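Two complexes, one shared chain (subunit A), two partners (subunit B, subunit C).
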Partner chain A sequence: MKKFLVLLLALVFLLSCASLAYSLKLVVVGDAGHNLKPFDWYAQDFKEKFDVELEVIGVPFGELYEKEKMELIAATGAYDIMIVYPKFLAEFAANGWLYPLDEFAQKLDPKLDDVTPGYRDFYCKYSGKLYALPYDGDVLNLYYRKDLLENEEEKAAFKAKYGYDLKVPETWDEFLDVAEFFTRKAGEKLAGQVLERDFYGTAYYGQKDQIFAWWGNIFASLGGVYFDEETMEPAINSEAGVKALEIFKQIHQYCPPDVLSYGYEELKDVFLEGDCFMVIQWPCVGKKGADPNQSKIVGKIGVSHVPGVKKDGEVYYRALMPCGRVLAVAAEAKDPWKAYQVIHYLSVETSMDDVSTAETGLDPYRYSHFAHPEEYEMFANVEDARIYLEGVQKNMEKGYPEMVLPGTVEYEETLGVELTRALAGEKTPEQALNDAAAAWRDILNRFGKEQQKKLYQELVAGWRAAGLW
Partner chain B sequence: MIRREKRIAVLFVLPTILILLAISIFPLIYSFYLSLCQWDVGMGGRRIFIGVGNYLRLFSDQRFWGAMKNTGLELLIGVGTQFLVGLGLALLLNRYFRGRNLVVTLFLLPMMISPVVVGCIWRIIYHYQYGPLNFLLARMGLNPVNWLGSSQVSIYSIIIADIWEWTPFMLITLLAGLQAIPDELYEAARVDGAGRWAIFSRVVLPLLRPVIIIAVLIRVMDAFKIFDLVVLLTHGGPGQSSETIAFYNYTTGFKYFSMGYASAMAYFQLAVIVIIANVFLASWKRREVS
Partner chain C sequence: MKIRDGMKVAIFLTIFVVLLIMLSPFIWNVMTSFKDKGEYFTYPPVFIPRSFDLEHYVQGGKLGGIKGMRDSLIIASSTTLIAIVLGSLAAYSLARFRIGGDNLAFWILSVRMMPPIASVLPLFLFFRFLRWLDTYQALILTHSLVNLPFAVWMMKGFFEELPQELEEAALVDGCGRLGAFARVALPLVAPGLVATALFCFMFSWNEFLFALILGRSRVTPITVNIAGMIGGHEILWAEISAVSIMASVPIIIMAIVLQRYLVRGLTLGAVKG
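Up next, the complex of A and B:
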């Protein structure tokens, strides 16, 4: 009996020692695919520097919200570090599901002064408190085929048809002309070559979860706003909204017939496969377009600001900033400080490497990311990288923030459904937007109109102060 | 002695009762209570009792009725075609020929593939520009079809994939039913001068009826819950044009987190399925009585 007890105690002691020797295991959740790669790349660093091992869980891009929220509601403590899209950061923070990071930020500086205002002030904070660190800076940009734009034959044909020189479209009217001009059927000629497949003027993200942003570029340039600040009446069905949808319907004619089923991948592919003249897309497409393993149009891509409208001789444009990714620590995290060290490492120490590779979909969000074109080695030369970065920065400076109210997922998707119905010809633009506004009123009431109004007013004040409104 | 035995019997059954209460009965009652509340798990998650408010909301929700219509199409066209094609194939395979077992096994393959893989395969097949289906249509001189990007077509694309996946189920079930019919009955019918059609309509169909009812009922209940193909092929789109009721219910519950409304929707579905099941089972009972 005595022997047995001694053996048992020795076993317990050994097991305790073994468990002490193991690193802390933190669970990371994010949208599966290229944006989770850095967690694997630096696994050794996390172990050596912070004595942390990571278990990385990837979920589909469009399902991140529900997967994270279900675990947070149930307080399962399933996740320690979460990639969060800024549109649901406010809701997660307001419910107390995220760990406030201000104290940690004082101990270990996340260098937020280096971050562009949209990301620093609205996508990482809620009610003045820091809840996340930036990881991926998203803004929409216009990409076009530089080689086709410079083709003499095409230039002459364009001038003959439209009466002005072929150039990068700066306004929506020019965008429509250029899209119409380059839409060709298989068998027709493009830059002197007979086309084997149909070629399209443009394309857009047609799935209901993000389509609002492609309409939003037009809406915002026409001066549209989400809500009336005073009454909290939805303003998406305003004159600007209807006009934007009418323009969007015209653009739809010059897109691939199945464009309403396009998500990120399809939209990227139609452009990088060389089947389309121009697209409005996230910054990572510019990097991927310079990588011969992912693009058939290497060296032929130009980047510019999204089109706008001409007012008093100046082009007024606004580029939507949909999606984006920030890194947050769950309130129930096993060790919030270690989790913070990990996200700090990614947001500060390795971010330059992570945004300057074509292997991730992560995009620049720090001034330092824009200041070092030489780091973007996928481009043929530094000059090309500089042009790319300048194009992205130009859009970021005129960025139109994505709404980050609680319920944004539902607001955006119900709007997306109605936009699609108008584009499919089932409703007139006015009907569709009126129905979307009615759905928004319902969401507003369910989430609490007064609370939403207060949050919206705070948001708008912040956007204004940062020069984004 | 008898009381003691009873007590022991109760003790044996008790764990099962407790487990059933915990995982089946309680969620059923609780979700019914939720269906009478407004509970949007967003800010604070306050639950407000609103009586039949959620059920009334269903009647004015266009998106819900659009999803119901799509589910109805899946039931009528999808399950209907699966039954007809499955029956035809079962009749063809209900005779001996060399390699019959291999042919039956090959026909069963789509049903054996994981539904996620089925969705991925069909997504490639339906691709507008690079998909093999439009390639074949072009070869035949026909215009390409916008399988996934047209709000008029996308629901039918889902139905076609579902037919491909689940016709084997009808085939194997009906084939088993056909093989259970004794050969003597065919011989007797032939001796009485019955032709092929008479044998089919007067002998085969009546004897196969219980199997048909069960096979169709199982598929109807399954088709009412169609979700995986919708997610993988269209995500309910374009817009909401190919949303089915199970998909919309999921979206309401786990994307919009309107738990009360989603529960009401689930109970509405349950009522419809129970009615359909009862109609089928009543027709079976009528047959037994007659």
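Up next, the complex of A and C:
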């Protein structure tokens, strides 16, 4: 009997030890693909440093919102760490689905002073509280063909036609001139070579989920705002909105005929295949453009400001900052502190490596990321990397923030549908934007006008303080 | 003789052109599965890839394609079995005994009229309550709910066309009702059964929405796996094509093997008075 008890106790002891040695398993969810790679790369580190094992769930890009929201609504506790687009952040935080991180941030500094203001203040915080750490810094940039811009023959032809020197377009008027000038038919000459196929001045993202940002670049530089701060009346159908859409319609003439179906990939490819002169795109396109496996124009790409509007002798730029990815901890996480340690490690310790490789689509968002061009080894030399980083940083510092209000996904998509209708010629710009504004009023009322007004005023105050408004 | 040859050539050419048009997406997919980056979107388009190695198939398999195929196979086979067994029993009783009058059969079919998106949230909450999220049984049950009405409706038509006298003869010879059903009616509608089973299998194999919402990481059917290769900043075109081709193979094999029954099943009762 005594022996049996000793054996039993030993067994209980061993089982307890085994359970203690068992690492905590945290579940990570995010859009599938190469942006989840860092979770695999540092799996060993997470195990050794924090005694955490990760299970990574990749959800198709277009379905992330529905998938995350459904699990959160039902409070299944399925996820611990979530990759969230800032446009989901407000809704998720307002509903109490995300864990506030301020207390953790005091214990383990996420070095937010090193993060550019747009990301630091608006894409990670909601109603004054920290809910996420940055992971991917997205802003739109103007990419153009350096080689064609510097071609003597083209320069002379441009000057003869427009009366001023060919240069990187600074304003939308110049953008239209350059786009028109470089739009050529197959058989015509481009930089002395006979074109085998049509060449376009530019192209844009035409699908409904992000098209608002390409119109928004013009709208924002014209001084447009999302809502009237006092009345909360949608301001997208303002004079600036209609004018922006009219300019956008003019740009449309110099784009490939199927541009309305373009998403990220198609827009990237039309430029990297050498079929158009310039595109406005996210930062990772600059890195991919330096990869000979993905680009036929390696070494020929310039990066600059998204064009703006000239006012009192100065050009007023406002590049939209759509998309982006932040790391959040679910309110129902099994161990929020350990989850925070994991996201802190990615956002602070490894981020330089993760944004400076062509193996991910992650883009720089910290000042330290911009200060080390030598880390971006995909470029042929440090100088090319420096030009790229300077271009991205310029846009980010003058970036126009995406809304972080509950309902942002719906606001953007309804606007996107109406913009597409105007560009397809189904509606006039004014009519399309009036219809979008009417849809926005409905969304506003559904989410609660007074609450949205309060949040919007807070956002605008923050944007102003950061010099982005 | 010459006219007959000419006709043959014309028929052959017509079939060839029609086949080419209908198979072009599939052929394009096969070619893309061998292409490398830089060959997907080019002008003029690249039809024949530079190399024909199986790298993207291996890669697609590693990215969850094999697991996706296995999960889909488990779910689709189980669903088909449930739909066929329960569906044919229900259809037989509806056809022979007119249970529920005219309305019950239509009511059963109406389950299929509801768009899946309308039922996915209640189902999600239901399975959460049962702690069945991310399990095979949740998807098997959901797919069966959708497939069963289809199977009932299809099989009902086949049983109705079968002369009742055959089963009556069996009953006279000493068979029970179930025996008459299993030994006489069922073998006679076998082609219809096969056609129904194939459609049920294809529906379950190709279903995406329920699979996405009700699965997570343990259960990831092939449709969810393929969609997961569409990243925000990168689309793995070659791997997507490779896994799509791999996913088409079981259905193609089934269709070829069961072709004999399929044609008969689909035309069974096509000419009615």
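Keep this in mind: the second predicted complex is superposed on the first by the 447 of 469 C-alpha atoms of A that agree within 3 Å, B and C clash if a C-alpha of one lies under 4 Å from a C-alpha of the other, contacts with A are read in each partner's own complex, and residues count from 1 in each chain.
Note that in this section a contact is a pair of C-beta atoms (placed from the backbone, for glycine too) under 8 Å apart; a residue touches a chain by one contact, two chains touch by 3 or more.
Because the structure is a prediction, the values reported are computed rather than measured.
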First (subunit B), second (subunit C), both or neither touched by A:V417: first
Subunit B versus subunit C as contact partner of A:Y123, first or second or both or neither: neither
Which of subunit B and subunit C A:Y264 touches, first, second, both or neither: second
Contacts of A:Y200 with subunit B and subunit C, given as first, second, both or neither: neither
Partner chain(s) touched by A:F181 [first = subunit B, second = subunit C, both, neither]: neither
Partner chain(s) touched by A:F248 [first = subunit B, second = subunit C, both, neither]: neither
Subunit B versus subunit C as contact partner of A:A32, first or second or both or neither: second
First (subunit B), second (subunit C), both or neither touched by A:G361: second
Partner chain in contact with A:G62 - subunit B first, subunit C second, else both or neither: both
Subunit C-contacting residues of subunit A that also contact subunit B: 62, 66, 70, 197, 275
Contacting residues of subunit C [partner subunit A, same complex]: 36-38, 40-44, 121, 124-125, 128, 133-134, 212-213, 216-217, 224, 227-236
Complex contacts: residues of subunit A adjacent to subunit C: 27, 31-35, 55, 57-63, 66-67, 70, 74, 76, 78, 197, 264-266, 269, 273, 275, 282, 284, 293-294, 296, 323, 361
Touching residues (chain side subunit B, partner subunit A) in the complex: 38, 40-45, 63, 128-129, 144, 146-151, 154, 234-241, 251, 254-258
Complex interface listing, subunit A residues touching subunit B: 62, 65-66, 69-70, 73, 91, 94-95, 197-198, 206-209, 256-262, 275, 406-407, 409-410, 413, 416-421, 423-424, 426, 446-448, 451
